[in-house]
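You will see chain A twice below: alongside chain B first, and alongside chain C after that.
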Partner chain A sequence: MKRLMAPIMSEFVSEFVFATAQYESGDWDSAPLLPANIIDTIARYTEINVAPTGVIVPLSDERMLRYPLLYLTGHLPVRFSDAERRNVRRFVARGGLLFVDDHNHDVDGTFHRTATEEIARTVAPLADLPNDHPLYSAFFKFEGPPTTSHELNGWGDNLVHKHLLAVEHAGRIGVLYSSKDYSSEWNYHPDSKRFMSVDNTRFAVNLVVYALTA
Partner chain B sequence: MSVFARLRMVRVILGVGITVRAVAWGIVAALSLVAGAAIADAFVDLSVGSRRSLLLIAVASAVITAAALAWRDRRVSSLLRVALWIEEREPALQFALASAVETGDERLVRAGGSDRWTRSAIRRALRAVAIPLAAGIAAVVVLFALPAGAVARIRSPRAGDALARGGPRPPGASRLSPLIARLQPPAYTDSAATTIDDPADLRVVVGSTVVLEGRGDAAGIVAITGGDALAASSHGDRWSVTVRVSKPLTVRLRDGPDQRLVAIEPIADNPPTVTLTAPAHDSVLRAARGRLILSADVSDDFGLASAAFEYIVSSGEGETFTFKSGTLGARPLHGARATFVASLPFDSLPLKPGDIVHLRAVARDANNVTGPGIGASETRTIRIARADEYDSVAVDAVPPSEADKSLISERMLIQLAAALEKRRPSLARDTLVRESHSIAVDQKRLRRTVGEIVFSRLGEPTGEEHTDDESPARAKSMEELIARADSATNRSTDPIDFAGGESPVVATNKPLLEAYNAMWDASTELELGQPGRALPHMRLALAAIQRARQAERLYLRGQPPPVVIDLAKVRLTGKDKGGSSARRPLTAVDSTRVMLTTRLLRIAELSARDTRAALDSLLVLRIAALSVEPAFATAVGDAATAMRSGNGVRATTAFVRARRALAGAPAARDSLSRWGLMP
Partner chain C sequence: MPSPRSRFESACRIGAFALLGWLLGGSFIGSTVRRVEHVQACDKNLSPCDKNLSARLAELSRTSEAVAIHLDATSAPAPWATDWLAALAHADVAAAHSVSWSGAPAAVAMSVQPVPDPRRGARIDIAAPTGARVRLRDDASDIDSAQVMDLGVTLTTPLVVGALRADVGGQSVIANTHDTSSIRGVLVVGAAGWEGKFIVSALEERGWRVVTRFVVAPGADVTGGGAAPLDTNRFAAVIAIDSTAQAMSGAIERFVRSGGGLVLVGPAANARAFSELAAGSAGVRTRPRVQANDTIRLGTTGFYPVARLRPGALALERRGDAIVVAARRVRAGRVMQIGYDDTWRWRMAGEAGSEEAHREWWSRVLRSVAYAPVSMSNALDVGESAPLAYLTDRLGAPRPAPPARRGTDPRIIITLIMVLLLMEWGSLRLRGLR
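Showing the complex of A and B:
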């Protein structure tokens, strides 16, 4: 119980806790294995003091401001409530990084349209994130956003999204938006990594390191 | 002409003369005051208020002067007084005329020579009028001699007429003063243009045009806004600079060594506010039939353009979803406030069990400069129940829940125990113990019921089968009970966090477990014949049951399989190496506040040495803070206004408010976040 309560009850977080954003309108819990997988990845490659389990934090709760990185995903339309919108705005203004991933491997789908509209309304319109942005070299070097096996495969071609989208605030990414469906790509038990020749979750390290550093 | 007719003619002539003289003196008084004010204004800049007051005084003086003179000569209306006035000039009449008026017999006066009375009256009237007319002409000449604008400032005072002020302009005087600003809001706002004298801090709607205008030639006058330099243009004897406002900016006007700052704060056109009034709540429908009435209230600060209802229907589950969307009831709107309605025919969609309809109202305003601003209501969801969910949407009358029944019973037991405690002094010890034991039996029975509610959920034996304190169901502490309850459904030792800090099992059962423990203590005291000592425990139990009844119902989306990473095992086992030292830890995110605080303190120091420079710095600081710390910017603006008006107390108060806007409420903190995120 103490371990369960510790990240919530303490006023300040002394270790990195991977936080999944819970919002009212959609299926926020559609990638339940992703947090553990990312935590595993952080431990594999870095010495960051990371909590062994993630937390789920409602966007409408001010305690969401305690986490430097929030992961938000889903398939269904994203409509923030007033409290959620207010907290997200404060979160970005305080230097937090909200990572939004479209769990539909889709082009201009409903999640994409509603989430991007909601982000524009709440923070600012999204814009293409240049592929030489410091995010891509925060830990591992990437030439741009890593592609996923899920991205657009359902459409039968090899077209992929060339950029991630982002809203920058005070010189930092405040909201990072992905249509690449990392939620599907990374949603597996971390033990399965031993069957992979290349760890496809390495980009998550860049996300975490970018969120924690300048 | 008869004597009396001649007399009445003389009275009319004299009356006209007196009246004209009174009016003329009144006009002279007013013109003199206007001319005097215009001349004074040429040397001392009179405010709009002062000039309006002077104009009122001029008008009042005209009326008073004319009225006073007319009152003084009011006796001209009397024929006898006119007759006496004639007698005074015609001694030969020997009061015959006055006697005739008094007696009404005009035969007392000889008719010859009465035409001299008329001539005499005309001469008198002309003499009376001549002097005020001459004075009036002189005043008019003076007024015409003054610059037209100078007289206009007194005649029709208004904001923005500073440039019309007359008076000599000393050679080498700054062309930046006087200065006016003409504000032209965007056409869609339907607002009139305004003019402001001596602008320093302007607030205008985004998209407005601000024309800064001064006297003199434009050569050499430059307006610097951000990195841009705008040259002033000339028209007549005035110069002007036009700025289009889209963001907070400070206009620095330069005329050689002279500088002047004008801060411009844009007022954002807020998007429409939309409230979906129907449907008022999210709903679950058993079947999608009929029509759903939609209604929304919309309002906007300047004007609405259109509104519509939007719907998205999501179908599917898991990883497979399909969507369809559309709009309903789109219509143009006018004015700042409206209510619009539409209906959603379910048959037209059509909907299957499990489908979710997301509904919201969207309105656009008439902003054609930076907009249109789009406002949306909260989203309501209408879900069509699946076949296996029918039980959850059917509402049937049910008996009170076990928790409710326990509440009633505990309340009764408290009353019995309290009554027994009241009667205690008059009861024998045996009687007290017997009655107290009777209540203890009921209390134990109730405790067993509560235990069954809790432990039956957890799949464990009920807690009351064993009566000794070593019973496995009788936990030694709340922590043990909660851990037992928690572990009953969460197989992990470290379950995920459920948002509120507790797992649902703990959240729902904790109050009942508290009640269970309190009842245990109460029944122990009752068995010992101590109803007074049992009462606090019983009241604790009652409060705990009450909390359990009021606990929010929890809906579980399904708990993901708990995975706890063995950090020690996987630490740094990855094959790839990254640039671990390429970046530095995130510094405090509130550096903006630190920067603003530093600047404010510098300005406070500067204000003691150079008020003008401090004022300019405050304006620049205000514009810089507008988008990041609006409350601070407001306080800084107030401080500047107070300093400009020389009100030191108000300025100090505003400075303090500005500091507090940055510092926030005092708070004691044990440590700082490692990641630099302030709570």
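Showing the complex of A and C:
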């Protein structure tokens, strides 16, 4: 993964670049293997013109607006700076999709409480996303958010979270919030997929396809 | 040999009989040279002038003699006057009046078309001489004013109340605004990507009904907005994001030839299936002209220039020497080729207001090609909206007034006959003859 300061030309040749959001308050880089794994999944299942490497995008930098799908995760408290808040607000208003995943996978953890508060303050309060939302049928068919092996491992709240949360803007998801801990579930080297009977990153395809087509 | 006096007497008699014959012949056959009556066209805003013209035409309508009516037109007359004059040319009198006109009134015309856009509005085109000042108003208020810089003025207004009136150089033209167009859907096809997504966003935010078909993987298309056959009954236009749209090329070509609009984005014009429809071919993509910290603007991240413009195609936008937007007609449809293939970057990462600008830009593109049949709720009144064209249509091209008839009073002829006969009789009597 490269920093945003990569040569400008490469930014404008690939249609889809997986971007990880960097924010000042927390451990934004807690799932370092996830981007490469998701890029591999997108290339494996679709013809989407995806950049082979992702980028890290500071939320305080206006250039975060060049990446309409942003992935944000962490374990620690989230509190946006004024610049981050301003940019996130513009990002959602212009049609971007911010995917926030709680790396702690618990409903009362530090990340969850602070991140949901910050999203409510910056954009709007989160609400349950119905399990028949087009997100779940954008490519693969799901009955709702796929469960992860981390939800019931005793480190979080030991709950299966029935819904994802979302803020919708102009009929589309502007912020998607997950307590499922996909950051742990998908944080492995792409080559390890061959040991799995079912690829657990398939939901990421739905997420990207939804972001690109809805 | 007859004496000179005898010749003089014969000449007087012959002259008298010739005059008598001419008088009688004129009574039976009639003269082909008519009396010329001049009428004056006047500005329709001047009601006293209108009344005078009306009275004059009424007087001419009542006359039983066929006259040559000539209109001196410093400005185009009101349609009622043109109609009246045309009717006099076909009047059921012993011989129809002849009607002609001359003058050089300013050629002014106005056309109002509903904008094929969910927000409606009207596009107003006014043809007027260069430099003329145009004042536009409707039944509610003044709308705008402008000076004609070239051949005319084009204005777009979101709302028109009643009839539109344009005052240009002392003339007024009026156009009805009761026409409506039904707005159909838009089909966006291509590979899944940000450009397609944000075009759809812009159009939906504007109020268009958008149907999407994005290719994600072989045999896996993501559709939205419901499936429907591609025809002009359901769709106003198709936007082809890239060459993957050529899977529908047959349907798209039929659609365009029957009146539908087509927008070819970026490299889509290079698809073989669209080569007969495109305004040109898509050249090599230009390099981005933006630095790492620059704000992104339309076109600064590169574009596909339109190369080898086809005959009949029109370049609409240029950047330097390159054509970025071009358009052409294909049978009843319109095709626009756009070199920009990542306008989404402008919307997302542009300066403040770029989202609205992106939306407005795509709305303009779409309404330039959209199929939007106009249903006429009122007959178009050409006489009001293009009075000079109407005058020419009804009375023919301008021509000089016919020469005025030098009318001779019959009493003078009779007097002349009597003088000639008296001179002959006097001459005979003086010679002692009877």
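Keep in mind that, in the parts below, the second predicted complex is superposed on the first by the 194 of 214 C-alpha atoms of A that agree within 3 Å, B and C clash if a C-alpha of one lies under 4 Å from a C-alpha of the other, contacts with A are read in each partner's own complex, and residues count from 1 in each chain.
Methods note: a contact is a pair of C-beta atoms (placed from the backbone, for glycine too) under 8 Å apart; a residue touches a chain by one contact, two chains touch by 3 or more.
For clarity, every value in this text was computed on a predicted model and none was experimentally measured.
Novice: Sharing chain A, do chain B and chain C clash or fit in the superposition?
Specialist: clash
Novice: Which partner chains sit in contact with A:R121 here, chain B, chain C, both or neither? Use first/second/both/neither.
Specialist: In the superposition, A:R121 touches chain B alone.
Novice: More chain A residues touched by chain B or by chain C?
Specialist: Chain A has more residues touched by B than by the other partner.
Novice: Who does A:T46 touch here: chain B (first), chain C (second), both, or neither?
Specialist: In the superposition, A:T46 contacts both chain B and chain C.
Novice: Mind working out whether A:I56 is in touch with chain B, chain C, both or neither, as first, second, both or neither?
Specialist: Only chain B is touched by A:I56; chain C is not.
Novice: Which of the two partners, first being chain B and second being chain C, lies in contact with A:H163: first, second, both, or neither?
Specialist: neither
Novice: Using the superposition on chain A described above, determine whether A:R85 touches chain B (first), chain C (second), both, or neither.
Specialist: Touch status of A:R85: no partner.
Novice: Touch check for A:R202: first (chain B), second (chain C), both, or neither?
Specialist: first
Novice: When you line up both complexes on chain A, which piece of chain B, out of 41-49, 59-67, 365-373 or 599-607, runs into chain C?
Specialist: 599-607
Novice: Both chain B and chain C contact which residues of chain A?
Specialist: Touching chain B and chain C on chain A: residues 5, 8-9, 12, 15-16, 45-47, 62, 65-66, 68, 94-96, 138-139, 170, 209, 212-214.
Novice: Report the residues of chain B in contact with chain A in the complex, numbered from low to high.
Specialist: Listed in rising order, the residues are 312, 314, 319, 321, 323, 325, 356, 358, 360, 376, 378-379, 381, 479, 482-483, 486, 494-499, 501-503, 506, 557-558, 560-567, 570-580, 582-587, 589-590, 592, 669-679.
Novice: Which stretch or stretches of chain A touch chain C in the complex?
Specialist: Going by the criterion above, the answer is residues 5, 8-9, 12, 15-16, 45-49, 62-63, 65-66, 68, 91, 93-96, 138-139, 170-172, 209, 211-214.
Novice: Could you list, by residue number, the parts of chain C that touch chain A in their complex?
Specialist: 191-198, 201, 204-205, 212, 214-218, 220, 222, 224, 287-288, 290-293, 296, 301-302, 342, 344-345, 347-349, 355
Novice: So in the complex, which bits of chain A are touching chain B?
Specialist: Residues of chain A touching chain B: 1, 3-5, 7-9, 11-16, 22, 25, 27, 29-30, 32-33, 36, 39-41, 43-47, 50, 52-58, 61-62, 65-68, 75-77, 79, 81-82, 94-96, 103-104, 109-110, 114, 121, 134, 137-141, 170, 184, 189-190, 199, 202, 205, 209-210, 212-214.
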